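Both of the next two complexes hold chain A, though its partner changes from chain B to chain C.
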Partner chain A sequence: MLAMLDDVTKVYGKSYGLRDLTLEIPVGQVIGLLGVNGSGKTTLLKLLSGLLLPTRGRVSVLGESPRRNRAKLVFLGETDAIYRWTSPTDAERLMSGLYPDFSLQCYRTLLDSLQIPMRRAGAMSKGERARLRLAMALAREASLYILDEPLGGIDLVSRERILQSIVGQWRADASIILSTHAVAEAEGLFDRVVFLREGILALDALAEELRERGESVRSTFLEVLG
Partner chain B sequence: MKGLRTLLWKEYRSSRGWALGLIGSLGLWTWIVMMINNEGIEDRLALRSLVISVAFAIGVIVLSFMVGRLHAEIRRDEHRVLLLAPIPGYLHVLARLVFALVVGLVYAIGLGILVWWIFLQAGAHLDAASIVQLVAAFPAFGVVTLLMPTLAWVLLLVLFTSAYRLSRLSWIAVIMICVGTPVSLIYRGLMGLEHHLPGWVVAPGITGFFDRLAGVPSQGEGSGWMMVVPGIVHYGDILGMLILTGLIVFLAGRLWEEMEG
Partner chain C sequence: MAAGPIYRQIAHHVHRALARGLLKPEDRLPSVRELAQQLKVNQNTVVHAYSQLEREGVIETRRGLGTFIRADIPLHVSQHELLIAAAHRYAQEVKALSVSTGEAVKVIREVLDAGNVG
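Take a look at the complex of A and B:
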């Protein structure tokens, strides 16, 4: 098993971010993490990446705490967070110095395919910055890719490029967890979908099974969470 | 080492505006010192020593704010690319500290050269050992004993407020830095502090130089007299501050490891 959440609860003050959640993530899956705003998606992804610590329960990646296995994880947060002075060249130097699994060749291919302009991030549009951040993340050869809303607030053309890059970078020895509200656009990527509602697991199903029942991920989303 | 080199480069990229601004301000201090042309040598030296002391204090404050900007990086989540990197937490703290200390050292040496110029203008001739004391040993001593523990302390406070989600209370850290120092000076006085906080030996040290110069016979200016700057480097103070800073960096590194993002 690549990663596991075992009866995990996360409490923020008096409210629950996640409640008694158990989830297993095997190698080689693309998992869609779906839910309405405030359902606990970001909390779950941050727990998996080690950015948050559980209030109760245990989170493990390759048998150890996520923080001990940071080298095997990629986390792409939903916020537009990147140093404004970072140009694609700066990002290359920063990532290759900090992450031993960063692939220069892969990064340069991604810069090209995502059509990222060679200027500093502060002078880029939000979509261009999102593409740069994605290139920085996907150019790593990690075991688990955790992508939180990589399509949020991005124009249609950029979204298409981002989805194509995610498909293009997928490897059989790694897994991707993708949180998104663009269910219809991304559903073709998913091997499995996990629905969260108010911090509780509402449904965990293989996408293929849904299709065999004549249901789409989008229609299931509306049925389960609507 | 590659990680530390990259973090130092990152500090240079993100803070070079602050660094160049501070070093560039040496031009302003030089101009102000040159503009002080009082008739009496004692007045002139008193005013010039005040300018040097103010310049040194402002340097400490500017560099404190420069390293304290980590708080803004954390608030904007920009630090995640660093937080998730498989690099020990203390290296992140060390990189910020080392870059700021290098900038501080260049600035302090610039002030040391300015003091030397003031002495030359007053007609003092310094031997080679005294010049080395003035423009190298004295600034380095100030950086190690005063600037280094102060900046390490700022980093520890910023990481403490961030790690425990006390961001709304970060003003406490700022007030402690900005108000704490003058308050402690008023309470204990410079000479009192000299014996309690080794770093502050720098400030009375500067004053002492000018006092000594002001006390020279009135034929001093322009007539060429010999002045010897005594060694003020106390190795015990340096060792103490290195141990203290090492401890603070270790604690700040642990906080970096514990911090949620």
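Take a look at the complex of A and C:
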């Protein structure tokens, strides 16, 4: 097992972010994490990446705590957090200094395929910045890619390019877990879909099995969470 | 997105292209990664589709070269596959209407004999 959450609960003050959640992530899967706003998606992803600690239960990545295995995982957060003066070249220097698994070759291929302009982030559109952040994240050769809303709030063309890059960068020895609201657009990407509702696991199913039953991920989303 | 597993849709698409002559024996298919990116589907799904087509004897993987339509592929295999798929659709309709098998077979024979198929 690549990663797991074992009976995890996260409490924020008086409310639950996540409740009694158990999830196993094997090697080589692309998992879609779906749910409406406030259902616990970001909490789950931050727990998995070690940015949050569980109130109860245990989170592990490759048998250790996510913080100990930080070098093996990539976390792409939802916020548009990149210094405005950073150009793709600065980002390359930054990433290769920070992460031994950062592949220059892969990064440059991604800059090209994602059509990222070679200017500072402050002069880029929101979609271009999102693409740059994705290139920085996907150019690492990590074991687990944790992507929070990589398609959020950006234009259709950027979303297409991002989906294609995620598909193209996936390796059989790594897994990807990503949250998104663009269910219909992204559903072909997923091996498996995990639905959260109010911090509770509402459904965990294989995407092709849903389709075998004549459903789609989208229709299941509406049925389970609507 | 149409109903049914994506891997089956991909395999079906290849059969259809063969039956219509859009794909021919010895043609090279896109690599798993190329097709996955083009369709924006998981690579595992394309692998699944290709392995089914390989089992059916439609395609073969040549190491280091890619995936090809087999030279010896009998075209009636694809036609047969398409017929089966069409029959499944008819069967679903028959089931939805709660018509007997005898009645369903009789109707299809009448339609074929009349030769007035769309």
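Quick note on the criterion: the second predicted complex is superposed on the first by the 226 of 226 C-alpha atoms of A that agree within 3 Å, B and C clash if a C-alpha of one lies under 4 Å from a C-alpha of the other, contacts with A are read in each partner's own complex, and residues count from 1 in each chain.
One rule holds for everything that comes next: contacts are C-beta pairs under 8 Å (C-beta built on N, C-alpha and C of every residue); 3 or more make two chains touch, one makes a residue touch a chain.
Being a predicted model, the structure only gives us computed values, none of them experimental.
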Message = Under the superposition described at the top, does placing chain B and chain C together on chain A give a clash or a fit?
response = fit
Query = For A:170, is the partner it touches chain B (first), chain C (second), both, or none of the two (neither)?
reply = second
Request  = Could you say whether A:187 touches chain B, chain C, both of them, or neither, answering first, second, both or neither?
outcome  = second
Message = With both complexes overlaid on chain A, does A:216 touch chain B (first), chain C (second), both or neither?
response = second
Request  = Considering only touches as defined above, state whether A:107 meets chain B (first), chain C (second), both or neither.
outcome  = neither
Ask   = Of the two partner chains, chain B (first) and chain C (second), which one does A:82 touch, if any: first, second, both, or neither?
value = first
Inquiry  = For the superposed arrangement, I'd like the angle with vertex at the C-alpha centre of chain A and ends at chain B and chain C, nearest 10 degrees.
reply    = 160
Query = Of the two partner chains, chain B (first) and chain C (second), which one does A:30 touch, if any: first, second, both, or neither?
reply = second
Message = To be precise, I mean the smallest distance between any C-alpha of chain B and any C-alpha of chain C in the superposed model; what is it in Å?
response = 27
Remark   = Contacts of chain A common to chain B and chain C in the A-superposed view none
Request  = Spell out the part of chain A that touches chain C in their complex, as residue ranges.
outcome  = 28, 30, 160, 163-164, 167-168, 170, 184-185, 187-191, 208-209, 211-212, 214-216, 218
Task = Write out the stretch or stretches of chain B touching chain A in their complex.
result = 2-3, 5-7, 9-10, 13-14, 73, 76-78, 80-87, 257, 260-261
Note = As the complex stands, chain C meets chain A at residues 1, 3-7, 33, 36-37, 39-45, 48
Key: Residues of chain A defined as touching chain B within the complex   = 46, 49-53, 67, 70-71, 73, 75, 77, 79, 81-83, 85, 90, 93-100, 136
